[in-house]
Amino acid sequence: MSITYLEAIREAQTRALQENPDVFIYGQDIAGFGGAFKATKHLARDFPGRVLDSPISEDAMMGFAIGAAIEGMRPIVEMQFADFSSIAFNQIINQAATHYWRTGIPCPLVVRLPSGGTAGSGPFHSQSMESLYAHYPGLIVLTPATVGDAYWMLLEAIEINDPVIFCEHKFLYYHLKAGALPTVEERLPIGKARITRHGKHASVVTYSAMVHEALRAADELARLGYEIEVVDLRSIKPLDTDTVLASVARTGRLLVVGEAFPYGGVTAEVIARVTAEGFHLLDAPPKRLNARDTPIPYHPNLWAAHRPTAATITEALRELLGF
Amino acid sequence: MTSAPVALPGLPDGITAGRFLEGFHFMLLARTLEDKIAALYHSGKITGGVYLGRGQEAFSAALAVCLRQGHDIFAPLIRDQAGRMAFGEDILDTARTYLGSVKGPMKGRDGNIHRGRPDKGMPAMISHLGAMISVVCGMLKARQFRGISDTVGATCIGDGGTSTGAFHEALNLAAVEKLPLVVAIANNQFAYSTATDRQYACKDLVDRAIGYGAEGYSVDGTDLAACLAVFDKAVTRARTGHGPQMVVGNLLRLCGHGAHDDGSYIPETIKSTPLGQDCLKLARQKMIDHRWATHSELEAMEAAAAEAVQQAVAQAQRDPAPDPAAETWQPLASRWLLETDHPTT
Amino acid sequence: MTSAPVALPGLPDGITAGRFLEGFHFMLLARTLEDKIAALYHSGKITGGVYLGRGQEAFSAALAVCLRQGHDIFAPLIRDQAGRMAFGEDILDTARTYLGSVKGPMKGRDGNIHRGRPDKGMPAMISHLGAMISVVCGMLKARQFRGISDTVGATCIGDGGTSTGAFHEALNLAAVEKLPLVVAIANNQFAYSTATDRQYACKDLVDRAIGYGAEGYSVDGTDLAACLAVFDKAVTRARTGHGPQMVVGNLLRLCGHGAHDDGSYIPETIKSTPLGQDCLKLARQKMIDHRWATHSELEAMEAAAAEAVQQAVAQAQRDPAPDPAAETWQPLASRWLLETDHPTT
Amino acid sequence: MSITYLEAIREAQTRALQENPDVFIYGQDIAGFGGAFKATKHLARDFPGRVLDSPISEDAMMGFAIGAAIEGMRPIVEMQFADFSSIAFNQIINQAATHYWRTGIPCPLVVRLPSGGTAGSGPFHSQSMESLYAHYPGLIVLTPATVGDAYWMLLEAIEINDPVIFCEHKFLYYHLKAGALPTVEERLPIGKARITRHGKHASVVTYSAMVHEALRAADELARLGYEIEVVDLRSIKPLDTDTVLASVARTGRLLVVGEAFPYGGVTAEVIARVTAEGFHLLDAPPKRLNARDTPIPYHPNLWAAHRPTAATITEALRELLGF
C-alpha cells in the first residue's frame, strides 16, 4: 500500500468530515468534479451538502468561511491555486486574521493553498505565498513537506481555533508517496520543526518542496564526506526557533532555503532570528537561497533556473562549507 | 381564521402605530446619542473617526425593528447607530467604545464604529467596505448547517460601497445559495465627498437586484412608515425562503462624512429637495398629526433619551482606559501556538 | 446620400456576405490551429495549460471582425483564438508561445493563452479572471487623454468570470466614465466543471447591464450572423458615445475546460439542445445553403488553413527554446535601479 | 516660509501635472474635495480633467491606472489609506508588477499609500505595507522620511518606467516641516540611502516616520556619550546595501527599525543582507525592532506601545551597546 501527498490531504478531509459535523468545504469545482487537483474527489458524494461549489469569487468565498467560522463551524476553503488567494487577501489579512483579537470570538478556518511551482505553470499558477501571510499577525501558516505531515497537520489545522493558511505544494501532490501514514503517536505537533536528516557540518533550514531538494543536496555532499543537517520547519508561523538554533549550535553553519521570492519573507526571518539569538553559534555568515526576484517563468528551462534546486543548494552549501 | 390587517391612516398595510413608535424611539435615542458624541468629538474627548447617521435613522432603525433580536443577524455599518440600538446594542457599548474605555466590547483594541458582538448576532465591521456582506452570508449558512432555517441576516451599506467587488461577489453568492439575506443600501447621495454621478451610472441602484436574481425595493428613506413597510416585507420574504432582498433607501446624509468634515460640498439645491428632509422631524410630526403621541409624551421621551445618553457617557468616562501592560499582545486564540520565548520584534 | 443597406437573405441588416465569410475564415483558422495544438498537447509536445475555444469561435470572431485593427483594443481571454486571429494576431505568435519558442511575444516568460502584444492593442491577460476589464478601461481613457475619441475597447469573459469583484468594479467604472467598452460574455454554461446554477441566479446574465447603466444584448452564440449583427451594433454604439456595451452569447463549450479535461460532467441533455450546436458547422452550412461559397471553395479554405497552421508549427518547432543564461532575470524597466551588485537570493 | 511633508507631496504633483501632459491622478475624493488628507487640494481646479474621482473600487482603480500606463500615460493613484490597497493587491502584484517582464512594455505608475499609524486610527487605517509590496518582484517601493524626499522622490517616481509604491507617512503629513525644498542638486536619487546622522558606536537603519524616532533616541544617547549613526533607507526596494554595510563597517553594531509587522519584511531583509555580506563587520548580534505582532490597536495608549518609539529604540540601543 502506498499513499500520495494529495491522497493524504483527501484522507484528512474525509476524516475531518466524518468526525466533526462542523466541518464543511467550500471552493471552486470541488463538489462533483472533486477539485482541480482532485483533493476532494468523492467527498461531495460521501458527505452530501457539506462540500460546496462556489462561484469564482475568492473574496466572498473567504468572507463566507469567516462568517461560518465565527458561528462555530470549521470551514475549509480550497483556493484553486494559491495565486488566486490574492483576491481573498483583504478578507484573510484584515477580517480573518484580526477577528479574534478584535472581538474575542475565534475564527477557526483553514485556507488550503495549492502552492509552488511546477513546469509550465507560469507566473500565476506557481506562487508561494507563505511569506505574505506570515507577515500579518493573527494567522497560522503551515507548509507540510511530507505525506504524513500533509495528513496530520491538516487534521490539526482544522482543530485549531485560529485561521490557518495551509500551503500544499503542487509539485508533491502526485510524486510524493509514503508507505503508510504515521500513527497519532508518531505525529509531530504543529509548531515543531523536524530534523529530517542529521548532520554536523552545516544546517539547511527549509520547508515544503525544498526539503526534498535539500535532501538531495545533502546526499550529493555526503559523497564528498560532508554531513548536512536538514531542518524542515513544517510550520512557518509559529516558527520553531529553538530547533533551528539547536541545529545551528551543532553545525555552526546555516543555509536557509525557500521557494518564495527573495525579499523579506521566511528565509530572511530565520536569519534575523538566528543572528539575533545565536550569533555566537555561527562559524560563517548565514546564507539564504530563494527563487529569483522576477515573476515565475512559464518555460520549463527558465523555471528550473528560477527556483532553488538540489544543484543550487549544493553549490550554496559548498560555498558555505568552504568559508 | 385571521382577520385582514387594517391599515391605520398614515401607515402602510401591516404596520402598527406601535411599530412606528418603536422605530421613532430608537431614531430619537440614536440622534440624541450621536449629537452628544459629536459634541464630545468637537471638544477633543474622542480619538479616531466619528461617523454619524444623521438623516438615516429612519432607514436604519426600521430595518432593525423588523429583525428578531437574539435570533437574526445584523451587520451594521458606519451610519447605523439607530439600527444598532433597535437591535439591542447596549448604549454603554457605544459610549465605552467612543470614549476609549477598556470595558467596551473591543477593549480599546478597535474603536468607535467598528464595535460589534458577533456572539449576539452583530458582527464587528472591518473598514473595508463591502467586506461584511459575505461574512453575513457565511453566518447564515452556519445557521442552516445547524438546522436553523429561519434566521435572517441583514446588513447595511452605502451608495459608495456598492461599487466594491466585495458587494458584488457577496450578493451573487447569496443568490446562488438562496440565503435569507437583506441588504439595506442607504443611498445618501454621497460617498464621502463623491456624488453619485461619479459612483454609478444606473438609474436607480435597485436596478442591480435583477442582475443577481434578488428581489429589490426602492423606498423613500426619510419616511419611517414606508421604511418599516418595505423592510417588513423584505425580512418576511427572506425568512420565508425567497432569497436575498435588496432595499435601496433614498435619502441625504445630513452632516459631513465624519465629524471632522463640514460637508460644505453638499449643494444647497439638494438639501432643499425631499431627500433633504429630516426623517426624525418627519416622524415626530407624523405622530403628532395622527395623535399617536402627545407633545408632552414626546418631550418625555426626549428627556428620557437625554438622560440615558448622559448616564452612559458618564459611566464610560469613569471607566479605566486600556493599559498596555495588561494587554496580552497576542493575536491568537490558540495560546499553545504563541511564540512567547523568542522576541519577534 | 447613402442608400439604405439591403439585408441579404439569411443575414441581418447591415451584415454582408463578405463579413460573414471573413468571420468564417477566422473561425476555421482558429479551429484548425486549436485542433493541432490539442494534438500536440496530447502527444506531450506542449507544456502548461491548453484551453480551447471550440464552440465559441463564432462569438469570438464576430467581435473582433467588428473592431478596427491598429486602432481599437481587444483583450481576449482563454477561448478567443478566433478573435485573436481576426484582430490580426500572427499565427506564429500562437505557435511560438505554445511550443516554448524564445521568439514568441512572451519569450518563454509567460505561456500559451497569456500571450499578448499590448503595443498592438492586444493586452496580455493575467490569469485572474476579470482583471483585464479595468485595464482596457484605462487604455481607453489614455486614448481619450491623447485626443483619440473613437477607439473602442473590447474584452471577453466567461459566465464564471462574471462572479468576480473585478468584473463588477470595472463595469461600473466604465459606465461612470462612459467609456467605449464592449464586454463580450461567452456564457458557455460552465466554468470549469461548475454549471451556471452554482455560478449565478439571475435569469440571464444580460440582466446585469441595467445595473451598471450599460446597454445589454443577448445573442445566440452559435449563430455567426447573429453575433456579427449584435457586435456590429454594440461596437458602433460604443464608438458613438453610448458608453459600455454588454453582449451575452449563449453557447456551449464543446470540449473540456482544458485539454487535460474530458468534460465528462457535461450532460448529454445539454449537448443536444441548440446551445450544443457547432457554430463552425452551422456557418459552413449556411454558406453552402446561400451559395456564398461552393464546396470546393470551402475545401480550398480548409486546405489553406491546414497549411498555414502546419507552417507556423513547423517554424516554431525549429525555433530555439529560452536559455536561462541569456535571460536577464530582472523585472524592471529602470535598469539603473536594478540591484546587480548584491545577491538578493 | 515653511513647507510641510504633505504640501511637498502636493507640490510635487502640481509640478508633475504642469510639466508632463501624461500625468493624471485618480482616486477617491481627490477632485473637488482635494483628497482625504488634502494632498490634491485645488489640483482638479488647476488641471481640469486630469484629477478624477473614482468609485470605491480599488481593484478597478488599479487596473485602470495600469491600462493607462501601458498606453504611455503616467497615472498617480491615491489610495485613501494604504490599508485599502489590500483590495488592489492582485492588480498591483500580479498585473502591474509583472507587466514589463512579461511583455516588454513598461507600466509606469505611482500608487500613493497614506501609510503608518496615528493615534486612534486603529487596525484598518494605520498599516505599513512596504514589506508586502517589496516581497513581490517588479515593484519599486519608496518610503520618504523628509519633506525634501517627499517632494523629490515623488517627482522622480513619476518619471520611473516601473510601478512605484509610494509610502507616505500620515504621521508626518502635517507635523513635519522644512524651511524650503532642497534644490535639484541637493536631492539624493532614488536607490540611495542617506546617513541622516553620523555616529560611531552603533547604526540604526530605518525609514519613514521611524527615522525621526531614531533621531530622538540618538539625541537621548548622545547625552550618555554615545554617537549613534542613523541611516534612512529612503527606498526599501531597491535597497542601498552598500550604504548600510559602510555604516556597519564604521560602527560594528546594527539595529534595524521598522513600523511594519515583525515577521519577515524590511528589517529582516536588512539583517539577512548585512549578515550575509558583512558578518565580519559586526561586533554584536544584529537587532531589529518592529511593531508588535498584533493588529494595530485603536486606543492611543495601546497604539503607543505597539509601534517602536524613541523610548523603545533607546532601550534596544542600550542593549546593543552593552553587548
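To keep things simple, chains are lettered A, B, C and D as they appear, and every chain counts its residues starting from 1.
Rule of thumb we're sticking to: contacts are C-beta pairs under 8 Å (C-beta built on N, C-alpha and C of every residue); 3 or more make two chains touch, one makes a residue touch a chain.
Owing to the predicted nature of the structure, the values given are computational and were not obtained by experimental measurement.
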Discussion item. Which option, A-C, C-D or B-D, should count as the same interface as A-B once over half of the contact pairs match?
Written reply: C-D
Practice prompt. Going by C-alpha centroids, which chain is farthest from chain D? Tell me that one.
Written response: C
Worksheet item: Between chain B and chain C, what is the gap in Å from one C-alpha centre to the other?
Response: 44
Worksheet, complete the sentence: Rounded to the nearest Å, the gap between Cα centres of chain A and chain C is 36
Response to the item:
Chain-centre distance (mean CA atoms) for chain C and chain D, in whole Å, is 40
Worksheet item: When you check chain A against every other chain, which residues touch at least two of them?
Response: 54-55, 57, 59-60, 83, 86-87, 90, 94, 97-98, 101-102, 123-124, 137-138, 263, 276-277, 288, 292-295
Discussion item. Show the residues in chain C shared as contacts by 2 or more other chains, in ascending order.
Written reply: 106, 109-110, 114, 126-128, 163-166, 169, 172-173, 176, 198-200, 330-331, 344
Discussion item. Show me the residue ranges of chain C that touch chain A in the complex, using the header's touch definition.
Written reply: 47-49, 100, 102, 106, 108-112, 114, 126-129, 160-161, 163-166, 191-194, 198-200, 265, 321-324, 327, 329-331, 344-345
Item to complete: Write out the stretch or stretches of chain D touching chain A in their complex.
Response: 83, 86-87, 89-90, 93-94, 97-98, 101-102, 123-124, 131-132, 134-138, 237, 260-261, 263-269, 271-272, 275-277, 279-280, 282, 284-288, 292-295
Worksheet item: Within the complex, which stretch of chain C touches chain B?
Response: 163-169, 172-173, 175-176, 178, 197-203, 205, 207-214, 243
Fill in: Footprint of chain B on chain A - complex, ascending
22, 24, 54-55, 57-73, 75, 90-91, 94-95, 97-106, 108, 137-138, 140, 160-162, 190-191, 238-239, 241-242, 273, 276-277
Worksheet item: Can you list the residues on chain B that touch chain A in the complex?
Response: 105-107, 109-110, 114, 116-119, 123-124, 126-128, 131-143, 145-146, 165-166, 169-170, 172-173, 176, 331-334, 336-339, 341-344
